[in-house]
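There are two complexes below, and they share chain A, which is joined by chain B in the first and by chain C in the second.
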Partner chain A sequence: MTSLVTAGARSRALMTPYAFLLPALVVTAAVILFPVLQTAWMSLHDFVLFRPRDVPFIGLGNFARMWDDEVFWISLGHSFLWIALVVGFQFLLGLGAALLLNESFWWRGIARSLIIVPWALPSVIIGLMWTWMYDFNVGVINDGLLRLGLISEPVAWLAQPDTAFYAVILALIWQGFPFFAVVVLAGLQTIPAELYEAAEIDGASRFQKLVYVTLPSISEVIATALLLRTIWVANSLDVILVMTGGGPGYATHTLPLYAFLKAYSGMEFGYGAALALVLTALLLVVVFIYVRRVARELSR
Partner chain B sequence: MTKDNMTRKKGIGRRRFLQLAGAGVLAAPFAGSFPAPAVAQGVTVRWWYHFDNPQHSPAELVAKFEKENPGIKVVAESIPWGGGNDYYTRLFAALVAGNAPDCAMVKLNNQARLVEMGVLEPLDDMLKGWNARTDITEDIWQLNKASDGKQYYLPLQYVVLYLYYRPDLFEQAGVAAPRTFDDFLKAAKALTKDGVFGFGMRGGAGGHDHWGPFVLGGGANFRKGGMVSDKALAANRWFVDLGTKEKVFPPSAPTDGFRQIIDGFKAGRTAMTIHHVGSSNEMVEALGDKVSAVPVPRGPDGNGWTSFGDESNAVFSASANKEAAFKWITFLSTAENNVTFNGFTGQLTVTTSGMADWKLHPKRFVEASEQSLAMAGVLPDSPKTADFVRTVWPTNMQRALLGQISPDDMMQAIEKHFHG
Partner chain C sequence: MIERRSRLARIVQVEIPVLLIVLFALAPYAWMVITSFKPNEEIARWPVEYWPSAGTLQHYRDLLARTTFAGNLANSFIVAVGAVTVGLLVSVPAAYAFSRFRFRGRRFLMVQFLVVNMFPIVLIIIPLFVLMRMLGLLDTFLGVIAGHSTFAIPFSIWMMTSYMNAIPPELDEAAIMDGASRLQTIRLVILPIVMPGIVTTGIYIFVTSWNEYLFAMMLSGQNVRTVTVALQLFIGEFTVQWGLLTAGGTLVAIPVTILFLLVQRRLVGGLTAGAVKS
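Then we have the complex of A and B:
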């Protein structure tokens, strides 16, 4: 009898943590796991939204189609370039801004608040704002360049394939650099002043202090921010959608945008789901590194 | 007894209904699906609409209808348009999920998809009993008929695309408003100078309206082989050349959308563009007498084509309140209500009586619209049309204008899209 009670109590004790975890697990399963599985299932079908009664199972047909799909490869190439340029420049600009904002000057408080503005604006507003700044007829960029004599006639920034992609990238760099600035600034403030004092006594120059003291001290913060930002930028399509819709031609197509257009313009949910899964698989690599880092930090 | 019939018997009241249910007159499955008691006191019609100007609201019409039809409540839900993408994605998703409204504003380019889904209610029988039917001209009824011969769409408003031009610039350049493609090219070339471009072409979404008059009007059509015939290919080459060789389009044309072509014209950067009466008040506000309109030019063999911009209401077959929904949409298409409605959307009334005393737009633009009706056409009633409009046309047009593909490749792509 006693042993039975002990066994019951023990199993209850074992189960208790799971019982506490259960609500969170159920919610996670409902809002994340289920849609992911549904997407995977959808990607194996020729699911076209306006043909809901005719959804044949085609196995890996959608993935095979991707192999021969020129636009998929264009979009994939653009995605890599997009991530590298956007995240790279956002980081450099953010680092520069953070270093400046870490100096002391009388309007530092205002500058620190103002720098958040691009980050705080909704993406759609940013897309529209930059679209009009780049506008051929009435855009402020053309107007400024014309007045400065740098160009002799207006440039259709968003209508030329060799400028459209970089024009959109510039808008996104502007939108996202405050994130790095804020994160890096927070990191900078954790560096003990003694380190700089010691470096100064050793006769280190400003540049040497940056390379040997500042950057190593915030490398963890930078790595985490870079990983997070890569995931966000890889997924983002709102600014491109607003500014060019992927055009001209396929000049500004990225993988998430292409998946979105296939699903919501073509209503080809099956193919759209397959494209989204490929993007997910690629991102999982980054997510994996990120999660491992976070786990390591937590276990310290 | 169908579910439809049941909902019409809302007058029986809750107590009586419960008695009937208790007596076993109603079958058990029905009792389960019968609407909640609050609805049983009256019928609620859910209607989806979209207005370009979000400050406009159909509340005034809803109030009038509810006063005239006690027992029917209309819930008008404004759905974001987003160039059509947002609206239709939501509508299709709602239909598939079984949560669609009873009726909604719809356009012809999605009719085939909706018919293929089997979600539209044919209105033919109900229309027989509608007195004001003849106040809408037969042309408009015909344009709105589905390819299976049934009438699913009840016309609500329309526009016909015409050519805006600047009489003052034309006079300075010594050219007249164009009637033919040749006139058009001559005028566009004469007007392209000093930072002004002859024609503000829309290469972004919705720009097929600019391409149609010259390529469909020049001999292309959507039947099998119709995009790759010699005539069709020649017409498209001519059109693409306007941008690449004649340079009468602004360089921004490949991605210009509605706002850009209108603002470019208003700012005097282009001397012609194509749009409809919906933008006429805005044009007059900016340019006064320096803007006028004529039908789009005709091709070498005298044929012409321009886009008929339609808007109708449809009732969905899954609706439990089809008759009430039908009452509401006929109310909106009846003379003075229709005119009030057009006040919100800036388009033209489908009713003959409403048109008789039209005050919403300057006369010259209404006349250009009416003169254009003879060559007005719609895109094919095919499930592939919507994707043609949203992605196939813009992408291929942009690539052709940028020299990434040849004009013939573009036509091949369109042919392939429709006919494999």
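Then we have the complex of A and C:
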């Protein structure tokens, strides 16, 4: 009898952590994992929302269709360029800001807080404020560039295919550089001062200290931040959606945006799902590397 | 760095560049706020006038009286508070399990929550729309809250776990020695200590939900339309009424800016926990 009770108590004790985790597991399974599986299922079907009873299985038909879909290739190409430019410039600007904010001056605290503001804002607002600044007729960017003599007549930044893409990219760089600034700054603060002292004794110049002490010390931090940011930027579509809706033409289409537009406006859920899956598959490598790094931290 | 710069060198090499970066970070925001206080004829003036000669609250009055904006603000608030409640109720116990127990599958589950966080939202949103329609949850608070809280849960769990890990386990043990049950220990020992962490996580969920746009757009109709969705619709509807639009943008942006600045240090600590070795 007693052994039964203790056995029961012990198995209950073993179950306790799972009981605490149960709600989290159930909701994530229902709202995230189940939809992901459904996306996989949808991608193999010709699923159009307005004829829900007629969903023929078409195997890899959606993926085959992608191969011949010019817009898919345009969007894919844009996505690569988008990630490279947005993440690249966010990083450079963030690194510069962090190095500066690591120096001491009396209003450093305020500067560190203020620089984060773009990061807090909803993407709809970011889209709105930049669309307003890019405005053709009374936009402040045209006005400023005209006053500086950099352009001779107003430019329709968001309406021209060759400027729209880069105009949106600038807005995204603005939104995301604070992330890098903050992460790199946190990394800089962990560098022991002795390293700089030693470098100074060896007669290192300021630039040499940057290259031989600072950058190597924060390389791990930078790598993780770049991975994390690549995933976010690759997935992000809301600012583009607000600013251009993917246009003019396909000039600002990226892969997630194309998948979204296919599903939302085109109601072609099957094809949209297939596009979303291709995006995920491409990102999986990056996610894998990132997760492995964090999991390594976890087991230390 | 160690070596001292002269005062002039510091101003030229550090303070002026920092000032430029801060200006770059704030200028679009400031421009939106300034525009929202300009009378229409000044907004439409070319070349642009940078400072309003006479500020006006007309756009705010119009926005709140003539459009659905006040209702949308209320909707966003209800959704965000709902998401915070559900999100905390789910992620605090989960974090407790990760922090205080060593069990089979712990590492796998923690990593699972990390991976789930990285899924592109387009991957989830399409079937979620179908699912919510099937359940009759389209255009209901419950539907949007379920989505927003779930999107925030993985990250909240990670954040809460690191807060709980900071509490020495000896405190739990002492409480149990004194005859407290596990739930009493949680209520009387863990929760009071970890309260700042809970507040920070709650604010994180609030800001995420308040800012969220895609999911709310897919799932909400007229009944529960949130403020971000409404604003995006206004952009199409009131194309040239920049006074109205910037007033709306300002009203949406200010609460999150304040909340974010209040907790930024701790929030940033949580957000970058994975990236920076302690």
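Here is the rule we use: the second predicted complex is superposed on the first by the 269 of 300 C-alpha atoms of A that agree within 3 Å, B and C clash if a C-alpha of one lies under 4 Å from a C-alpha of the other, contacts with A are read in each partner's own complex, and residues count from 1 in each chain.
Keep this in mind: a residue touches a chain if its C-beta (ideal position, glycine included) is under 8 Å from a C-beta of that chain, and two chains touch if they have at least 3 such contacts.
What you see is a predicted model; the values in this text were computed from it and never measured.
Q: Should A:G249 be classified as contacting the first partner (chain B), the second (chain C), both, or neither?
A: first
Q: Classify the contacts of A:G149 with the two partner chains as first (chain B alone), second (chain C alone), both, or neither.
A: Neither chain B nor chain C is touched by A:G149.
Q: Counting only touches as set out at the top, which of chain B and chain C does A:G59 meet: first, second, both, neither?
A: Neither chain B nor chain C is touched by A:G59.
Q: Looking at the overlay, does A:R51 come into contact with chain B only (first), chain C only (second), both, or neither?
A: first
Q: Check whether A:K209 is in contact with chain B, with chain C, with both or with neither, and answer first, second, both or neither.
A: Once the two structures are laid over each other on A, A:K209 reaches chain C alone.
Q: Which chain makes contact with more of the residues of chain A, chain B or else chain C?
A: Chain A has more residues touched by C than by the other partner.
Q: For A:I32 in the superposed arrangement: first (chain B), second (chain C), both or neither?
A: A:I32 contacts chain C only, not chain B.
Q: Figure out whether A:A164 sits in contact with chain B (first) or chain C (second), or with both, or with neither.
A: First partner only, chain B.
Q: In the superposed arrangement, which partner chain does A:Y264 touch: chain B (first), chain C (second), both, or neither?
A: Touch partners of A:Y264: chain B and chain C.
Q: Name the residues of chain A shared by its contacts with chain B and its contacts with chain C.
A: In chain A, positions 135, 137-138, 264 sit in both the chain B and chain C interfaces.
Q: Provide the residue numbers of chain A that touch chain B in the complex, in ascending order.
A: 49-53, 135-138, 153-156, 158-161, 164, 244-250, 261, 264-267
Q: Along chain C, where are the residues that touch chain A in the complex?
A: Residues 1-3, 5, 10, 14-15, 17-18, 21-22, 24-26, 28-29, 31-32, 35, 43-48, 50, 89-91, 93-94, 96-98, 100-101, 103, 106-107, 109-111, 113-116, 118-128, 130-131, 146-147, 149-151, 153-154, 157, 182, 207, 210-214, 218, 228-229, 231-232, 235, 242, 245-246, 249, 252-253, 256-257, 259-261, 264, 268-269, 271-272, 274-278.
Q: Quick check: in the complex, which residue numbers of chain A touch chain C?
A: Residue list for chain A touching chain C: 14, 16-18, 20-21, 23-25, 27-28, 30-36, 38-39, 42, 93, 96-97, 100-103, 105, 111, 113-133, 135, 137-140, 143, 146-147, 174, 177-179, 182-183, 186-187, 190, 193, 196-197, 200, 206, 209, 220-221, 224-225, 228, 231, 234-235, 237-238, 241-242, 256, 259-260, 263-264, 269, 272-273, 275-277, 279-280, 283, 287, 290-291, 293-295, 297-299.
Q: What residues of chain B sit close enough to touch chain A in their complex?
A: 85, 89, 92-93, 96, 113-114, 116-118, 195, 203-205, 250-256, 260, 263-264, 267, 269, 383, 386-387, 390-391, 394-395, 398-399, 401-402, 404
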